[in-house]
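Chain IDs A, B and C follow the sequence of writing; residue 1 opens each chain.
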Amino acid sequence: MNQTASKKRAARRGFTKALGDIYAVLIYSIFYIPVAVMMIFSFNDADRNFFWKGFTTRWYGELFEFGNHDLWESLAYSLVIAILATIISVVVGVLGGIGLKKFKFVGKKFIDTMIYVPIIVPEIVLAVAMLIIFMTIGVKLGMGTILIGHCTFCIPYAVVTIKGRISGDNETLQEASMDLGANRVQTFWRVTVPSIMPGIMSSAFLSFTLSFDDVVMSNMLAGASQSTLPVLILSMNRTGVTPDVNALTSLIVVFMVVGMLVSNGFTRHRKKKEAKLIAEAESAISAARSKM
Amino acid sequence: MTANAPALKKKRHNRMPMLAQAGPVSIWMILFVTIPMLFIIYISFMSRGTFGGVEYTPTTESYATLMDATYFKVILKSLEVALITTGACLLLGYPFAYYIARKPPEVASKLITLLMIPFWTNSLMRLNAWMLLFQTNGPVNNFLQAIGLTEAPITFIYTPGLVLLGLITNFLPFAVLPMYSSIEKLQKSLLEASADLGATPRTTFLKVTLPLTFPGIFSAIILTFIPALGTYTVTDMLGGGKVLYIGNIIKNQFGAIRNWPLGAALSVLLLVITALLIFLYTRFAKIDDLEVL
Amino acid sequence: MPNSIVSLQHVEKWYGNNHVVKDMNLEIQEGEFLTLLGPSGCGKTTTLRMIAGFEDASSGSILVQGERVEDKEPFQRDVNTVFQNYSLFPHMTVFDNVAYGPTIRKMPKEEIREKVMEMLALVQMDGYEKRKPDALSGGQKQRVAIARALINNPRVLLLDEPLGALDLKLRKQMQVELKRLQKKLGITFVYVTHDQEEAMTMSDRIAVMRNGVIDQLGSPVEVYERPRTKFVADFIGESNVIDGTVESVDGQTIVVKTAGGTVTTVGEGFAAGDPICLSIRPEFLEVSKTPVAGFDMPARIKDFIYAGSVVRTSIDLVGGQEIKLSRFEMDSSLSEGEAVYVWWDPAKSVAIHVEKAAEEVAE
């Protein structure tokens, strides 16, 4: 009697769990179907993307024949902008995150609010606002203005990430460092930066992806200059995106996943090494103790 | 060293560290956020120049234009689409977030990474992939015809339905993440206490889980509704420029049409809607708790 | 003042409208173990942080080895701190934590290695140098923090409630070790704690602080046996504090009228009619079945509490005040509810001027 009741319960639980798993698979497939389609079509043997005509790797071949100037130029342009935007955003954002967490000054609340504006306000509004200002004061649109645009939404993300990483401990760690004779600059490099390194890494990663993927700012603030890769894709929309773009973006995503796996592997390896050192020290100590 | 040593003049406070750290970000935000935002409000009250651009005579003409039937319809349509997108993201995202949050932490963090990976591909390319799938002679139509559901291919592309699909798939992760982190913070013991006190799972969900995860839900609303309202890339890619939304119209005022004050006024409208939502949000939670990542 | 290694002169500290340290004057002697003792919020930690350089004094001057340090940054001061929460750098190993100071000072690598090992041996942490702080227990972290602070050979070591996070047994053990370490190294320790027992065990001198003021500065015996204020009497150990009025003065002998009866004490500077406050330690309190000369304080035994090493007896006075008596053994001649007469050796009670007591109430 009792057993059947618990069996019923187990069955019900199993059913709920299965339902959850099915649901999760469905949601994940919504996210992965477009990626899969894109990758499949990068092997499509047709000049236009519209029909499936058979398997080929020629798009990858063409990609590396460098006849594809537009694509490579846009990619290079996007990369340069993303790297510069990452560097600027991380420097300004990390310093700002530390400073806004630590110091109190007149207008701090205002700045704290301003940080959230680029995160929350629709990007088009920010882009248009900057465009109007640049046009009015006669700044030439181009890489510089795109860079400013990208940094303006990357910096807030960096600031928020860093602020979240700085715990109350951080302040006393800095005091401990100064107490031991390190000046402010030494303290910054030896204590503050290492202790928020994970935050710095993730804000760098975030800045890079946000900048590299951005369409709106890059489109509005580019003027007549070179297009970034996403802007180029947007402009292809009317005529249809060519399969070589599928090939290129497939390569990029594979590259990023491999990069992530490698970096994960590194941290795991380092952690294992540390654990081994600790274990060694421990056995050494216990050996020494047993001799006494 | 006498007992009444004169009080030292107050040590000059070292402001260098503060300036070096908080200075750049403050200047950046004022130069590139505050000033442009104020300027766009200012411009929205100016007149349109004869050959585009701005003529600096104050007027509320742009706002009057927004009340025109054509523009007003677009605004309503955009609000409606953004609302549907947000609702769909919440309904689809909450159970999904709940599913992830109830997994052990190692599994959950892997599932979250799995969620993020597709977003490393260019968003336009993902939208383009939906186009490929749903085009007239595409896989979906072929499949539907093969199983005999339809005789002739159905036109999916450039329809509002496809735009919605694009919007939802684009913004769903931004709804899932804040809801996930608020569900994850929810203590399991609270649910157990509720069950222990005689509540059915349904009651527990309505009386405990939902209220406690409300900040996450509101974050999700903000992070999907506002961008959905302002987007133009999704509507450009999947709507083929046939259906206009606020974002497209703003963008057009700075391209071919060159009516800056109107574009500015529309932007101000988006700003006002955003501010309103944020104001509502701050009644329930602190702005710092807005899960943006 | 050739012997004072740290000197605070008219030091004031304000946080906005909050007066945290008030006109503090303190001479800390070379090689002594001085404890700043007081309840939380009394300004003891602020005082320590001003010496370390983490806080600026609002006015007044602080001298270390006869030299003013107000304009010196923490890293320019010849003092080191052991922090309450250890503050070990989480991203560095034990070795790197201890080596931090000498590394900053650009000492040769070999020399650093030698010194670090020496320091770790001193705090009995040799063998742990490759560990990260996360893999250490609270007591171990504390030892590393001490080694890290001592490696710079500071003239003064500042300790901010260093044992606060440890459990009772470990605390007691570390108290003894810290005291031994201080004697061995012969450097000055300035120690902050709110635990009066800890202060008693370790200190050469104790500065009892309250509301930003040093109420009393003296050896543990002095502050225990001759508290200068009602607060000190109350805060240090257990004490019976009885309010009254001076009835008559004969030289040093004072007869005091209290709500519970008349008693005799000794003190200076009192005149008949003055309000007075008496402090008498539970171990000095006596009871008798017959009245004792100079005392007219009838009372009743309330109950006995057996607390391991001592027996505490609660006694109800006339007028309702309850006082405590403690003995190492149970006095079998007494029973609960019995009527007794309370008395004590007048020299063992401490007479406190009530202007001070009044001031305490006002604050």
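One rule holds in what follows: contacts are C-beta pairs under 8 Å (C-beta built on N, C-alpha and C of every residue); 3 or more make two chains touch, one makes a residue touch a chain.
Everything numeric in this text was worked out from a predicted model, so none of it was measured.
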Could you compare the number of C-beta pairs in contact for A-C with that for A-B and name the larger?
-> A-B
Chain whose Cα mean lies nearest the overall Cα mean = A
Per the C-alpha means, the centres of chain B and chain C lie apart by a whole-Å value of 58
Distance from chain C to chain A - Cα centre to Cα centre, in angstrom | 53
Chain A and chain B have mean C-alpha positions lying a whole-number Å distance apart equal to 17
Mark out which residues of chain A touch at least two other chains, giving numbers and ranges.
-> 184
Please list all residues of chain C that touch 2 or more other chains.
-> none
Do you know which chain B residues sit against two or more other chains?
-> none
The chain B residues in contact with chain A across the complex are 17-18, 20-26, 28-30, 32-37, 39-40, 43, 53-54, 92, 95-96, 99-100, 111, 113-115, 117-130, 132-133, 135, 137-139, 169, 172-173, 222, 226-227, 229-233, 236-237, 247, 250-251, 254, 260, 263-264, 267, 270-271, 274, 278, 287, 290, 292-293
How about chain A: which of its residues touch chain C in the complex?
-> 169, 172-173, 175-184, 186-187, 190-191, 194-195, 197, 274, 277-278, 280-281, 284-285, 288
Tell me, which parts of chain C touch chain A in their complex?
-> 52-54, 73-75, 79-81, 83, 85, 87-92, 100-101, 104-105, 127-132, 135, 148-149, 152
Touch list for chain A against partner chain B, complex = 20, 23-24, 27-28, 30-35, 37-38, 41, 49-52, 91-93, 95-96, 98-100, 102-103, 105, 107-108, 111, 113-126, 128-133, 135-136, 148, 151-152, 155, 157, 159-161, 184, 206, 209, 213, 215-216, 219-220, 229-230, 233-234, 237, 241, 245-246, 249, 252-253, 256-257, 260
